[in-house]
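There are two complexes below, and they share chain A, which is joined by chain B in the first and by chain C in the second.
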Partner chain A sequence: MSERSERGPARPSLVAPVADEGDHVSEPSDGRAGLPGQAAEASAGARGWRGALVARWRGIAVVALLAVAIYAPFELVPFRVFQFTMVLVYAVALIGLNLLVGHAGQISLGHGAFFAVGAYTTAIMFDRWDVPYPLTLPAAAALAFVLGWAFGLPAVRLHGLYLALVTLAIAIFLVPLLKRFESVTGGSMGLTLAKPAPPAWTGLAPDQWLYFLALAVTVVAVLLARNLLRSRVGRAMRAVRDNEAAAEVMGVRLAFYKTLAFAWSAMFAGAAGCVYTWVIGFVSPDSFAVTLSITLLAGLVVGGLGSPAGPLLGGLFVMFVPSLSQDVNEAAPGVVFGLLIIAVMYVAPTGLAGLAGRAARTIGRTLRRE
Partner chain B sequence: MAEFLQQVVEGLGAGAIYAGLALALVLIYRFTGVVNFAQGELAMFSTYIAWQFMAGGMAFWLALPLTLAVSFVGGMLIERVIIRPVEGAPELTVVIVTVGLFIFVNAAAGWIWSFLIKDFPSPFPAGSAQAGALTVSYSTLGNLAVVAVVMGALYLLFQHTKIGLGMRGVAADPRSARLVGIRVGWMLALGWGLAALVGAVSGVLVAPLLFLEPNMMGGVLLYAFAAATLGGFDSPVGAVVGGLIVGVAETLAGAYVGFIGSDLKVGVPLAIILAALLLRPQGLFGRAAVRQ
Partner chain C sequence: MSERSEPAAGDAFLAVEDLHAGYGDARVLHGVSLRVGQGEICAILGPNGAGKTTLLRALSGMCRVRGSVRLDGTDLAGRSPDAVARRGVAHVPEGRGTFMPLTVEENLRLGAFARRGRGARQSVADDLDRVYGYFPVLRTRMRQVAGSLSGGEQQMLAIGRALMLRPRLLLLDEPSLGLAPLVTRELFGIVRTINAEEGTTVVVVEQNAHLALGVAQQAHVLETGRIVLSGSAERIQADEQVAQSYLGYRV
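Showing the complex of A and B:
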């Protein structure tokens, strides 16, 4: 025990150096910290100017990305549209996981369970009561939020490791539990459901309609997460992540915010699960085995912990890396995932998003020098 | 009553296996402060190595020491190569790295040996001993004996050898240990090597019961976590006692609680982890951590 106390009570956070959303503007320019007074002032002036530029370019990039995302389904074959729909589904779940792991500094190895809760809530509402599909989204999200809150309560007492243990145990336990309540969940056979059909006025094909539903949910999730992080709650979460003791002294209620982070994060996963059911039209317990939870965490780590682009990159990763590497060998996705996670932790703790940001800054610096 | 005792004995047999893996988890935690999520997968990999030796025509009792030696060296290598760069990093980083290792080792075993299940011979004779109304299979007795031997060997190593003293020194205070001339890095590697070795023993014990396949240890790992949490993550004795309790609790719950049956037994470790953390977070034998 004393060994760990040697490492100090104030544990530096892994994700601390990652600029959080909105912080990019004030990011210190590297290597200039030691400059004498005047030069430092000049650089501070330049930083503001550069910050505005970065913000504008970011805005343009986001709009361009959205335009491409809206145009893409009209150009791609239905199978590709389906794949990108799944990318969005994973991205929504990863936005939630990013809140928890990247911003609140807690770990979950069981987010697949909340994903499953959302998926099954939707499926059962369809199956039992023929609820119109738009209504299943808030229900699934709300139930996941409540369950997240309930399981987040013990999380208050657990940190790091124990939370990982408990969430892992939940993810493992969920599969036999779903199989047991056969009358409701359909047991191992699962439930097959009708997919939401496109309204006639849109003139869209079914796969395109599902894509746009997923895109809409993703956009809402991104905005929600962004606003959440900029709010009092977001600041409190980051304070807890960076230094629990300091946060507590400053009046942040640790227990409350940790639980809240867990609940919010579960809510996003539940919403993603709901869209998953819309898109796939089928749920079965084995789709939500513990592998899903671990894959989600892997995707987020590779995509970029604590960065706004991380979940989307992670979603692409989770969707395409297995399907590409599966051709090599059944086990190849696991090998690639495992090696990448370890490699990312060593060389680029900010993931692909961090690498992209670093590359952009290097290019920008080179351009300015010329 | 005889029926009940019978169940308890079965539970102890299962518990011995959980205790073995929990012991491996605790060893690494004590020396390096890392909870190794890949511990089960490393044990599974070791078991495959043993299987490979035997497939090459080797006798079990020759394959076993070879496997243990390979596991020991492998564990040390993993510490030196994979864990060393993140030592002292935040818990989150370390947990993620061991999860990466988990995924990698699992997939690598599937790549090398395929995901088809394989038979693994039991080192113990098939029959069972009779004690009054009680029937105890030799494999249950064997498992318990092996765990007792491992436990005893570890005790001798830590309490009565110079290396053990060094390792305890490192666990107590790495900085002071370094100042008195203990090579801390090697001691940590040694800890990982020992844990891999102990894990390999538990893998070899599990394989005849569950069949050998890459996902064999997934469930066992959860029980081992429950055992370590219950016993206290820094207490080897706790790990063994915790393992036995978890094994018995699981068997009794499966046999006597109709609702749980055989399929929901995996909820028992979850309940034990939650209960232990809520009622006695440091575990039965663990020391409470003081937070400054």
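Showing the complex of A and C:
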């Protein structure tokens, strides 16, 4: 009688459990039995005080980062501004992927496809109907949400590698599909479009204007993802990731929340795709090949899965490391890129965000000892 | 929720008839029937592999069943676990099912997941207070990740989380597993308090027969998927000869 062996504790999964948000001040329990005591109260008091301090420092760090981000485009040459704009675009896509992989515990090797859906929706709206560009953002996001929902349905039944394979198929069939409907998508030649021009009252250069558009979308995406994760829906998603059976007996409908995670995540990718089209002014099927999906996932894992800073660090990685590898060795940038991924994962198994957190703690401890 | 209801007509709040359950081809339960009155604590005893955990899983919809499970007149058999949870059945699963990376409070809030609608926010806040009242140690750890709790604290969290549902029926799967005797005794004391104060009906599966019989009104001994002995807790405790032969140890 296998009373204990059913639904084994761990299904094979590609997605390792990750530390949430990495920022809870969570000292390991001191092994005291669960009896309430004064010692526990006292240590909780200290923890609350330290927690408040950490929260304040984080707040200061975020404000400082935002200030630098606003000031930077006035100091950098247009090409650099463009590069940082692309970092933000990738970061938005990675925020979505982080929701799915880091927080909902699913996997997607096809996120480039949702990115492409957003990009093409925007491009076609410009090309066919001359829609004002601010309107393309909600449309691209909404369409990606709906498609994410539809393609999330396999997630209800599949796990780990099997799900990875199905999502990979989405990325694979997209490119031929885009080439096929030439009249709408422009075929292999793609579509060339006008970029959004800065309104005269801002006095900004075009590259600066695009940068600020991307920055605004990024800020909104960060806030949206943050609120989503703190909501009832976010808790349900994370519960499903940690323990499906336990989540289910709490009353969480697994199928609904798994598809919802896909839909939300695709929505962010779609929004990122839309900004991509604004910034580049050109879409073609080959920009959205399978490698984009894989690069996105690699960028997120390198940046830090499940961490709030992960998507931004991942965006920097995705944007700068390939061109950096080109400088190191022109013959085989792929090799350098691959080796760098291996190196980062070896030094920082929890991604760059985990490494940064560890460094901050070490510095904090050293300072306190002084 | 906390007013003590009068014993229901027919004295069977939970009525299980001829329940068969299993996983794939492996049949585990072979026609289990039992009745639990409202506000009662019922202990399910038995050796390893008798089907105790499977019985609880069958009650909460986690495995396929044949037969009937009625809770206060509504049929639960064949419903999915989330649907059963929405009907007021809280299951504290074997191994506690803690959401390790989430904080203690997030774990507790998930317990109230099935409850929503008007005034839910306030009532969830009230229930958090109520649970912290039963388990003060959880209040001191509410912002900590649940994975950093000790085994006993995690079991308290699991029971507290189940209470957040305001359950009509509470299913406890081996609360003593892996815990020190002192902690186990405290836990059973709290279960009894909850039962007395809120009138929650409890079905508890337990290897530690002595403890379980101490809090239960009635008990059933399960062996290889069948109930082989039923009766009031005192009778089973007294009927040492029988109990010993079935349970393989002294009660």
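A few remarks follow.
What we mean here is this: the second predicted complex is superposed on the first by the 310 of 370 C-alpha atoms of A that agree within 3 Å, B and C clash if a C-alpha of one lies under 4 Å from a C-alpha of the other, contacts with A are read in each partner's own complex, and residues count from 1 in each chain.
Just so it is clear, a contact is a pair of C-beta atoms (placed from the backbone, for glycine too) under 8 Å apart; a residue touches a chain by one contact, two chains touch by 3 or more.
Just so it is clear, the structure is predicted and the values come from calculations on it, not from any experiment.
Touch criterion met: A:330 reaches chain B, while chain C stays clear of it.
In the superposition on chain A, A:179 makes contact with chain B only, not with chain C. In the superposed model, A:251 makes contact with chain C only, not with chain B. Once the two complexes are overlaid on the shared chain, A:200 sits clear of chain B and of chain C alike. When the two structures are aligned on the shared chain, A:367 is found in touch with neither chain B nor chain C. In the superposed model, A:236 makes contact with chain C only, not with chain B. With both structures placed on the common chain, the touch criterion links A:301 to chain B but leaves chain C unconnected.
Across the two superposed structures, the residue set of chain A contacted by chain B and also by chain C is 1-4, 6, 9.
Taken in their complex, chain C has these residues touching chain A: 23, 26, 28, 48-54, 57, 60, 62-63, 80-82, 84-86, 90-91, 93-95, 97-103, 106, 109-111, 113-114, 116, 135-137, 140-141, 143-145, 147-153, 155-156, 161, 165, 180, 182-183, 186, 224-225. Those residues of chain A that touch chain C in the complex are listed here as 1-4, 6, 9, 17-20, 24-29, 31-36, 40-41, 43-44, 47-48, 51, 232, 235-236, 238-239, 242-243, 245-254.
Chain B contributes residues 33, 35, 37, 82, 85-86, 88-93, 95-97, 99-111, 115, 170-175, 218-219, 222, 225-226, 229, 234, 263-264, 266-267, 269-270, 273-274, 277-278, 281, 287, 289-292 to its touches with chain A in the complex. Every residue of chain A that touches chain B in the complex is listed here, in rising order: 1-7, 9, 11-15, 101, 105, 107, 109, 154, 157-162, 164-166, 168-170, 172-173, 176-177, 179-180, 290, 294, 297-298, 301, 329-335, 337-342, 345-346, 349.
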